Each structure stands twice: as structure tokens, then as C-alpha cells.
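Read the structure below first, then the notes.
Chain naming follows the written order as A, B, C and D, and within any one chain the residues start at number 1.
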Amino acid sequence: MSGPVLLDAQHIQKYAYDDEGRPIRGTDVLLLADASLELIAGEVHALVGENGAGKTTLIKVIAGALPYEGGSLHVAGSLRGETTISRVRSEGIAVIWQEFSLAPHLSVVENMFLGRELRRGRRLDKGEMRRQAAEAIATLGVSIDLDSTVERLSTSQQQLVEIARALNERSRILILDEPTASLSRFETERLFELLRRLRSEGLGVIFVTHRLDEVFTISDRVSILKDGRSTGTLVTRATTKDEIVERMVGRHLDAVYQRHRTTPGEVVLETRNVVPAGGGAPASITVHRGEIVGLAGLVGAGRTELARAIVGADPVESGAVLLDGMDVTGWAMRRRLDAGMAFVPENRKDQGVILPLPILRNLAITEWPRLGPGPLVVPRRERGMATALVEELSIVARTVDQPAFTLSGGNQQRVAIGKWLARDRVVYVLDEPTRGVDVSARYALYELMEAIAARGGAVLMISSDLPEIISMSDRIYVMRLGTISAEVARVDATEQSILTLMLPDTTAADVSAAVGA
Amino acid sequence: MRRLGVSSAVIAAAALVVAMVPAAAVAQDEAPVIGLSVKTITNDPFQAAWVEAATAKVEELGGTVQLLVAGGQTAVAQQSSQLEDLVTQQVDGIIVSPMDGSAVLPALQKAADAGIPVFLVDQPIAAGNEALYETLIATDNVKAGRDLATYLVTTMNDPELKVAIIEGAPGSVAGDDRLAGFNEGLASGNITPVASATGEWDNAKALAAMETILQANPDLQAVLSASDVMVDGILQALAGAGKTDVKVLAIDGSTVGIQGVLDGKIMADNTQDPMAMGSTAAEFAMGMAGGTVEPGSLEKYIDSGTVTVTLENAEEAMAKAF
Amino acid sequence: MTRLPTDRPLVRATAAAVAIVVAVLLVGQFVPYFATTTNLSKVLLEAAILSVAAFGMTLVLLTGGIDLSVGGVMSLVGVVEVSLVSSGVPWPAAVVVGLGIGLLLGTVNAVIVSRLKLPPFIATFGTLGIAAGLALYIANVIGHPVFPPDFVSLGNDAVLGIPITVMLAVAILIVLEVVTRVTTWGVHLRATGDNFAVARLSGVPVARVLGSAYVISGLLAATAGTMLAARLGTANPLQGEPYTLLAVAACVIGGVDLFGGRGHLWAAGAGAVFLFAIRNIMNLQGVQPFMQDLVIGLLIIAAVLVTVQGPALRDMASDALQRSRHRNAA
Amino acid sequence: MSTSSAPATGGSMTSPQPAATERRGRAAGTWDRISRNPTLGLLALLLVMWALAWILVPKFGSVDNIRTVLRQASDLGVAAIGILFVLLIGGIDLSVGALYGLSSVVLVTVMIQTGSLPLAIAAALGAGVLFGLLNGVLVQWVRIPAFITTLGGFYIAYALAQMISAGSMLSMPADDLFVGLQTGLLLGIPYLVILAAIVAAIAWVVLNHTTFGRSVVAVGYNRVTAGLSGVRVPRIVITCFAICSGMAALAAVMLTSRVQIGVPTLGGFNATFETITAAVVGGTSLFGGRGTVVGVIIGAIIIRTINNCIVLLNIPSQLYQAVMGLIIVVALVVDAARSRYLGERT
């Protein structure tokens, strides 16, 4: 693997920046202290590091979204100074950000050519754009309605549109920021296939991820960032998870989490043939006290819909939700929460925390009604409660007054969960609680769930991470195409069996085989 | 979705309106229909008064009235639009108090083309367009202002007189004319107002303006108000500042003004007898509709006269007050 | 709901046209004099003036902004033009100057909003005050002169039964529709209003696009102001003021999304026609002015209900149904 | 609990920390903190304005004049506090100006009918609150954008005022209490100003020290998260609109007490925009979440100070609007420059 060097970032320095991306006046805070990354044509280069390690910042610098203050950045051999995003795109660099850069009400075609529309003279060349778009989509081996507005596409479809755009722009460098975070195993596989092909066509791919196993599946080399500094670039074949993890966090962690088991109590949450708003097949599940129940399935299998129906975020079309034997189906969400439900949605930044609000408020929001005489909120009690939680969850923050957006992803997630811990809740519904969370934070969250179960709480955890769901759950429900395809006891659960149950083309035979009945 | 949306919106709303409109006011019956067009009858007793008088007279003479109100200071375009609507309905006569003496010209031209006689009340139209109307029944607002100011100057007879002016809304013809009149009258006594601010035909605004003026001029002796509709606010301000000795003079001749004179709160109120304007205009309009009055036979300008009402003549003025 | 890129303008236009014809005929049954050519052409003439202002407003709304200065610009332009004419300047020259002023104020808005990144609602309200105030001041200096007849006739006369102003408005509409459809600028306009950050990241010159909308809005407002001046034959310093909200109302009734990214110029035009048709009907029926306000108010809300909120309403209905069903069940 | 059950985690978390913390931290000196506090910035702006006026504007600097300015700012301030609630949840209310007229005529009509001032005031406030509830329901449940709902609402309220008053001014039956409201002084401070201050104080407590107030801000920043955290979003939104209109009604009562007559056209669109301007000049964001009671009050005082100076300086009335507009733009630019300078995220 010795293609030409497409990109060479050496000792990049980047200070804390303002709206314009300029260093905040008088700041001495380095987001990137000494970050280096070299990308060769025809390689997939993994970039790993804990949240807040500076991965995204580095990518933004490479993408030209941010200027850099120190070090050097050579693209195709020439040093890059001041630049603009559009210029960078013409350099053949395409970035697929975590939150997609598509305009919801524009069509697929318009989005694919946004900012670099094809023209014939002064006029848009709609025919040609359509043709190229269709072609690019086709090469991905999928079918997407080119005229559909993007808001109507699924997450993975939107991602594919972005990749198609990159291909169409003949990009030489493709940067993906945690592309698999919101993809199902199935879709991830398809994505990797694609990346392998692009690699063979001589593209350079930078692949940011939290999932180490993915590093080994897809990457040729892996660069590790820690607190804004490069802690090495390794040839993937020649290294191990442990080595990488060590360079990320500077200490050793067991690859798989071992949880101490507890014996479940009586049923506390039950759904009877619930059909969530928007349809799907009736789903019936039960969760016991002291039990962690996993809900596996591909994205779009209906897991989130079921979860939202359980907590009352959306109405159900039919069926009943029972909490402690009470039928709460007709209850508004607030009433269910008061009755002891807790919900941590999958989209942390948009639904889990309120970014501009202080940690204090984010943690206390569920407790305000109980923090003072009548309608009042006694600041002292609110602060005390929040401070205690920050302690308990070891949330990393200077003060409880700093806005949530100043926290790393993992810490934000702890806040999102923490607001439900001031009081013991009966049922915790967690949707992808560890997505985009770094290793150590992930473990802390596991311990949280255990602690909840240990004191008799019930946890329903949605996760696309099979090792995680298997190691954490007492029982696993697998969803496929909007139905509960199977219930698997932990003892029978293997990545293979669960995966089989998840995949759309599984037959009844496979199921019985997988469940081992 | 939106496509259907627009259409259905159009139809739905159209139906809604049709449903809510009163049984066609302008049925094609024999009784002559006189169209009335006025800026506003809201919060403006003067306009309300002549409209009322005209309506009464028309109905007394067996006609029906089609009243269209533009609805406020800024509705200049709306008034000419409404005049055209009256022409469209082929009314037998139009009595109008133009908000803008020039802006109505195209509309009045259409009326003339349609052979509909037009009678102007209170406000003139731009000079040189006498062909467009039968007669103008009005008082000269400049004169009204001048008379009032002159009365003040002569009675007070103090070369150092401290006078403030509360103007009408900027941009309104009547307001500008009365202001001009005030200044002319004061100039006749070599007096320049110590302050001049707009009350925008609005008591609250007049109040605020007056309060502030009193701050700058604690020794103020008199206030000239462009209209009775701002007098309440002005008096409140004076009372609030304990300056009840300040002389207040206003134009209109509304009950507010005249009663103020009787109560001694107002020194003088220049009345223009809008009711006379309204009924006279109505009489001519009905006459011409009935053929008893020859088109073109009327004086182009009929001055309905202004009276400066003081304690002496307040009693009889009260009878005519509106 | 709508798919902007691929909508079939003809289908939509015809649909709206049909709807309007139906409405006219329907109303004509109940309202005497409404369905007469003179009356309809008068309605169109008034709508034409508003629609030109509304086109500018639409472009701004597409970017997710709003331009409250429209009315002030209309007043000021008229006053400036009439003052120039009264001081001996030939009217075409005066008009050019007027349009220049519109362009200037539009640019001011553009700079404040796109460069200084201030909220358009309050920023354009500021320029509204400035324009309206200057109009009053100038008018107070020059009095109330009138325009020469040939200019006035342009604002009122019709050729082959179609008012000249209407032709002008339609011409402007066609140009804008074509330009927004065939140029990158059209896409960029919607992209900017749809998702500013994304548009920026995609290399759309957002600042310039944003600014362009306000500049054009200013120019169109000036055009509308000139048309209004020509119709009235003079320039009252207040005559433009109602048009800010009327323009917003026209857009809203035309289903333009106040949050940006979605909307159609022709629909705003239709909204304008609709608005003045209703007014005209109410005038013909002698509806009291405050009743007229009431109806306009209800209409604005109703229009949004049908055009924008239709689907949302259906969702709600079903939601409510679900909940009630469960309550009964429980 | 997690720490107790797993000290390992506690330890593990700390290692990357110092760096992390320091990275996100920012040296915040006292001056920095002061200059960074928008409310203090506003206060400074106001004082500078007053100082300048004191020097440049004849007769501005008298206690009595300041008192006048404050009295004139009192009703605007109350209305602005009301609209603050709506702006905080990311809404807007254009109907405020029309509610002035509506409440004014309702007040006087009921007064004439019943002769009872408390009843009349209750009716006026009730009318406002009712109207606000209507706005809120349309916005929250029927999902009509607030801008539209309240634009339509303006016309409707305006029309209702005309209908009730038959389009004419209604003279207020003499009532010592009501007259006293506008003339009365306590320790040299006008009752109206005291009333406004009390309202402000209550609003401040509600916004800063109650579940409701905290929820309002939460909803303003992110209603989805707030909802999923158990905040009753619909209730909050509707209440905010009700408060806004209720406050507008109270402002109308205050203003009516000053003119002592019921005016259907009291307020109007200018009042609406004046109110919004006061809020925005007071540092309120039109995008929700950001805004303070104190700031809004200062905004109102600033506006009235400008009005006051315009009259004191005998500036031609035609130029009022122009000056106002200019000041708004300047104020915005200054604020923008300030936050740019401080590198605040907007």
C-alpha cells in the first residue's frame, strides 16, 4: 500500500474558536495541540479517539470548515492556507458529517448538486444533473427517488445521497464522521462494501469511528487522537484492540463488559399487541423488575417507534401499554413519567439535552415540580440535587452552570440519563444510550444500568451494538420489519443468532434454529 | 397538496364571504342611492357628524345611502378604490371627503365619465379640477386655525405669550392646514410657538406630547390643539402637572370641545358645523338625482362658515355641537 | 407537502386559475356589479400593484426572512418621484431615481441582515421607520403636487381591456418565475431558507443570496410604489404603509412558508388578487370597515389552515381519535 | 450510585479530564463577566443615553422629567414584559397593539354598565387573557404559525373594539380611584410606575424561580427535549400567549387611566411594534430562550427616553418615525458588534 500521498496534516494546532472559526480573543485553549494525519491513495484510514479528543475538529480543519493556527496541511502536495469550503470541495475532498448536510425540502438531485450546480450557459442543466444523479445512486446499488424531498428519506438513504454526491464530484478524499453511528449492522455492511470498492478505485478514505471492531473490519491504518494530540498511527493488521484503546485512554480496559447478574422480580412493564402510530405489527413484550431487556433490530425495524409508544411520546394505533398492571395507554406522556417511567431518546443533541441550558437546568428539568413549595423552585435545592448527580455520574464539568453544549458527547449523554436518576423510576426506556459515546463513558453507562436493575428498576435498552446488547441484557427481543421476530434468553444469544433474527430475509427455519427451540 | 390548498382556500373563503355579506345593500330599486366616502368615522366625531347628518337627510328625502369608510390615516389608496366601487355600482350621487385632494382625482374622473355628480365635503381637491365636482361645501381649515390663533393672540395681548401646538397626524391635509393656520395667526402677533409636536389625532399620544412639552416649558400659557379629539389627553396632562391655568384652544366644535368651553376648561373652540355640511351636500345630491337641481348650477365653493365659540356663544353652539 | 424542484407550474397555475374563475362566477351570482369587466379589471389593477410588492416579499420569505420596510419604501419612492416631477424633471427620469432609492434601501436591509446578521424582522422594521419618516418629511416640504397625465394614464388605462399595470406585473412574474427556476440562484435562495448551515457548508454563497433577496425586494417595492403613485396620480406620504402587511397577507394566503424554503411567486400573486377581490366584494356589499378587518383577519388564518396546515390538521384529528378511543377503552 | 458500585469508573474518568476541562474552560475575569452580562450592558447604555441627554437636551435633566419618562414607560414596559413570555418560547404576538383598544373599550363599557371599577378592570383583563388563550390554542393545537395567528388576531381584536364602541370614543365615568391611578404619587413615584415595578418583580420571580418560568425557557430553547423530559409544552405555550395578552390588557388599563376615556383605536400596529422593539432593544432574542425582565424594562425606558428627547428638541414631527427607525438599527448594530467582540455564539 504505497500510493501517492493525498493529504498530509502535520502538527496541526487549533485554538478554541468563535462563530467565524477564528480563535476567541485571548484564549489559550487548544482544541488541537499537535494533531497529525497522513492519507495515502487507496487506503481506508481510521481515526479514533474519545469524545472531545479533537477528531471532529481535525476533520473540520481538513475540510476547510475551520482555519488552523499551527502546523502544516498539504493537500496533493501543495500547502493549504486560507480557503473556503467550496474551494476544498473542488480540491476533491468530500466530508460526510454526522449530522447530514442536506436541505430537507430540496430534492435529492438539488441536494446532490447544491453549491456546484451544472449549467448550460447561464441556465441550470437539469437534464444532465438528473442523469448524473441517477448514475451515482445506481453505482451505490440502491434505488432512491431522485425527486423526493430529502426529509422523506431514511437516515441511511440520506447518507447514501451524500456519498453519491461525493462520488459524483469525483472526490479523491472521502471523509466519514462516524458514518455507522446511525446505521444498522446490515446497512453498515453495505457501506463497508462500498468503501472497499472506492479504496480499490484509488480513493483515500478517512473513517472516524467509536467502534473498534469496525476499525479492524475496514481500515488499513488507524490514527489515534487523545486530548488534541496524535498518539500514533498504526498499521491495523499489526495492532490489537487493547493497543488502540490504551493509546486512546492511556489505560487498559477489558474488551467486553462483564456484568453481575441479578434475579428479576415481577412484571412491571407490559405491552399488549401495541401498534405504534404509523403502523407496524402488534408488539407484545414484558419487562420485569431488576431486569435489563434488550431490544435489537435494524434501524427502521420499529424499535424507536415502540419505545416512544411505551412512554407516550406518540399515540398508539391499537393495543395497550401496562405499567405495574395499570393500563396507561390513554395517559399523556407527563402522566406516565410521573407514574415512574423514564425515557432517554436516541438523538441526544436534539432530544436528550437542551444544549444552551446549564447542566444544572438540564438535570433538574424533571424534578422542578418537586423542588420547592408550590410552583416555586428553590435554587439551593435544585443546585444541591444537580451537584450530587454530577458527582454520582462523574460528569466532567467545571461548574454545573456551564451550558450543556460545552460538554463532550459522553458527558451530555450522562446528563440526558442523569435527569431521570434524581428519583428512582420504575421503568427506564433507553434508546441507543451509548451511541457516539467513548469507551470509558460507555462503561460508566453500563454500570448505571446495572445499578438501576440492582435496586429493582427495569431497563428496556435499544441498541444496534450486538456485543453490547448481548453482554448487557437478561433477555433480548429482536424486531424485524416492525414486528417482534423473537425473544431470546441471554444464554442462547450470540451475535450470529441475533443478527439472523434481525435480517429481513430470515426464514422461520432460521428463527427456530437461532432461538434453539 | 399546496396546489389543491390554494384553490380550495379561494373557493372556501369566497363562499364564506358570500355567506356573510348582508342582503345586497344596493338593490336596483327606484329609490336613488347616494354613495358616501369618508376616511373614518371611528374616533373622529367630526367625520362621523357630517356622515350622520347626510345619511339622515338622504333617508328623509326617500333615498338610500351606500357608506364606504376607508378606515384610517393611511388608507389613501383604499379610498380611491372605494370611490371606484361606488362608480361601479352606478350610484346616483357621491358625497366624499377626500383624504388626499390629489389621490382621488383619477377616481373622480371615472365618476365624471360615468356621469355621476360628486359633492365634496370638508376637504377640497387639487385646484384646476373644478370640472370633476358639482360643489365643495367646506370650511377653510387654514382660516379656522388662523382665526383661533388670532383670537388667542388678541385676547391675551401678550407679546411674550408662551404657546404650544399639538398637531394632527403628520401627512394629513386637514392637520397640516390647521397647523399652517395656527402659525399664521400667531405670526400676526409676532409670536412663535415654544413647542410644536404631533398628537396624531390620538388622546394617548397627545397626552404624552403635552406632558413632555410641559417639562420643557413649565411657564406655558396656552395650547392650540388641531382637533377636539386630542383635547381630553391635553387636559389630562395639564391636570396631571397641576397647570390648570393654561389656556386650551381647539378646532372642531364637537360636544367635547363645546362642553369644555362651558365648563371653562377650554378657552375657545373653533366650530365648523359638519352637520350643516353633511345635510346640505345630501340635499343637493338628492335634488340632482331627482332632477330638481340642475347639474352645474351650484356654486363651486360653499363656505359653511366657522365660528369661534367662547363662553358668550357656547350655549347656542352646544345645540349644533356633535 | 410540495416538491419545489419538480412541481409542474402549469398544472398548479391552471388549477389556481380554474379555482379563481369558479370563485368569480360563484360570487357574481350573489354580488351585483362584481362580475363586470370594468370591476374585475379594477380588482386586477389593484392586485397587480400589491402582487409586485408581494413577489419581493416572497423571495425574502423563501430565505426565511421578512421585509417589513416594503410599505415605507413604496411611500418614499412615490413622494420622491412626485417631488422631482414637480420640480421639472421628466417623469421617466424621476422613476429611475425612485427605483434607485428602492435599490438603495434594499441594499441597506441586505447589509444589515446578511452581513451584520441581525434579525430581519426588527432590522427591516427599523428601515421601515426611516423610509416612512423621510416620506413624511419630504411631502411636508413639497406639499401635494400631481403627476403629468400621461404618467397617470399608465397607472390607470387598459389596453385591450387589460390594465397596463397588470401587464407589467405579469411580465415581472414571468421573469422572476423563469429566473428562479432555471438559475442556480433560485435553488440557492430556497436552500438558504431551508437550511442555512447546510447551504453554507455546500458552498452556497449564503450572504450574497440572502442579500440579493432584500435588494430585489427593495427594487420591487419601489416598482410597486411607482405603480401606486401612477394609479393615484400623486404621492401621499402614507399611501404605501398598508402594503407591508397586505404583502405578507398575500404571501400567506398564497401558501408561502414563513419559515423559509417553500413557496411560489405565482401563488403570492394569486393571494394578492384574492385579497383585493374580497375587499371589492365587501365594498360592493357596503360591509362596514371593521367587519372588513374581521374578515381579512379570519381569511389569513383560514388560508393558512387550508394551504399549510391541512396535513397537520389531519394528523391531529387522527391523534385525537386515537386518544379518545383509548379513553373509552380504558 | 455508579461511583459507589464502580470506583474504577470514577478513576477512569478523571484521567483525560484536566485537559478536557481546561480546554472547555475560559478565563473569566470580573470585567469580562460584567461586560459579558447583557443586562448590565443595557443599563450602561441607558445611563450613557441619560447622561448625554442631560448635557445636550435642555430641560431633560429634571427629576420631574425623568418621572414623566418613567410614567410614560410604565404601560409600554408592562406590555413588553408580556410579549417577553411569548418571545421566550420562540413565538411572536402581533395582536398586542389591537388589544390596547379592545381592553380599553371593554373597561369603559363595563364601567358605564355596572359602575364598578374592579369589575370593569377584571373584564378588561379577562378579555385580554381570553384572547390570548385563543391565540395560544390556534398556535399550539391547530399549529398555525404564531405570526399568522396573531396577525389575523390583530384585525379581529381591532374589529371587536370598533363593534363594542360603535366606533366612537367612550368617556370614562369619573372614579376617584381610577383618576388617582394616573395622578397619584408614592414617595414621589407615580402609582403607574410602582404598578409596573410590581408587575416586573412578579414576572421576574415567575421566570427565574418557578417551575413554569424554567419550563418556558426550556421550551424556548428546545421544545422536543422539554416535552420528552415531562414539561407540558402545550400548557406552557398557551399560558405564555395568555400572559402576553393579559399584560397587554393591563397596559391598556394603565393607558386608559391616563387619558380617562375608552379609545377603540388605542395602540394599533405601532404599539405592537413598539412593544416588540422594547423587548428586542432589551436584549430579547426573537428565536426563543434568551431574554430578561430587567432588560425588557430598560428597553421600554430607552424608547420612551428617545420619544421624550424628540419632543424636547422640537424635532419636526414628520421625522419621529425616521429617528425611531434609525435608533433601532443603531441599537441592533451596537449589540451585534458587542456580541461579536465578546465572541458570543449567536
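Definition applied: a residue touches a chain if its C-beta (ideal position, glycine included) is under 8 Å from a C-beta of that chain, and two chains touch if they have at least 3 such contacts.
This is a predicted model, so every value here is computed, not measured.
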| item | value |
| --- | --- |
| Smallest number of contact steps required from chain A to reach chain B | 2 |
| Highest-count interface - the chain pair sharing the most C-beta contacts | B-C |
| Centre-to-centre distance between chain D and chain B (centres being mean Cα positions), rounded to whole Å | 36 |
| Euclidean distance of C-alpha centroids - chain A vs chain D, Å | 41 |
| Where chain C and chain D are represented by their mean Cα positions, the distance between them in whole Å | 30 |
| Inter-chain centre distance, chain A versus chain C - centres from mean C-alpha coordinates, in Å | 44 |
| Sequence positions of chain D contacting 2 or more other chains | 162, 167, 318, 320, 346 |
| In chain C, residues with contacts to at least two other chains | 136, 139-140, 237, 262, 288-290, 293, 298-299, 308 |
| Of chain C, residues touching chain D in the complex | 112, 116-119, 121-123, 125-134, 136-137, 139-140, 237, 245, 248-249, 252, 258-259, 288-291, 293-294, 296-301, 304-305, 308-309, 312-313, 316 |
| Partner chain C, residues of chain B touching it in the complex | 1-18, 20-22, 24-28, 40, 42, 66-71, 73-78, 80-82, 84-85, 88-90, 99-103, 105-106, 126, 170-171, 173, 176 |
| Touch list for chain C against partner chain B, complex | 1-2, 7, 11-12, 15-16, 18-20, 22-23, 26-27, 30-33, 36, 38-39, 42, 46, 136, 139-140, 144-146, 152, 155-156, 228, 231-234, 236-239, 241-242, 253-255, 262, 264, 267, 270, 274, 277-290, 292-293, 295, 298-299, 302-303, 306-308, 310-311 |
| Chain D - residues contacting chain B, complex | 58-60, 62, 64-65, 68, 71-72, 162, 167-169, 171, 182-183, 255, 258-261, 263-266, 307-308, 311-312, 314, 317-318, 320 |
| In the complex with chain D, residue positions of chain A that touch it | 16, 18-19, 24-31, 50, 52-53, 226-228, 249-251, 253, 313, 332-334, 337-338, 343, 345, 350-357, 361, 364-366, 368-369, 371-372, 375-377, 379, 391-394, 396-398, 402, 406-408, 419, 421, 440-441, 443-444, 447-448, 450-451, 454-455 |
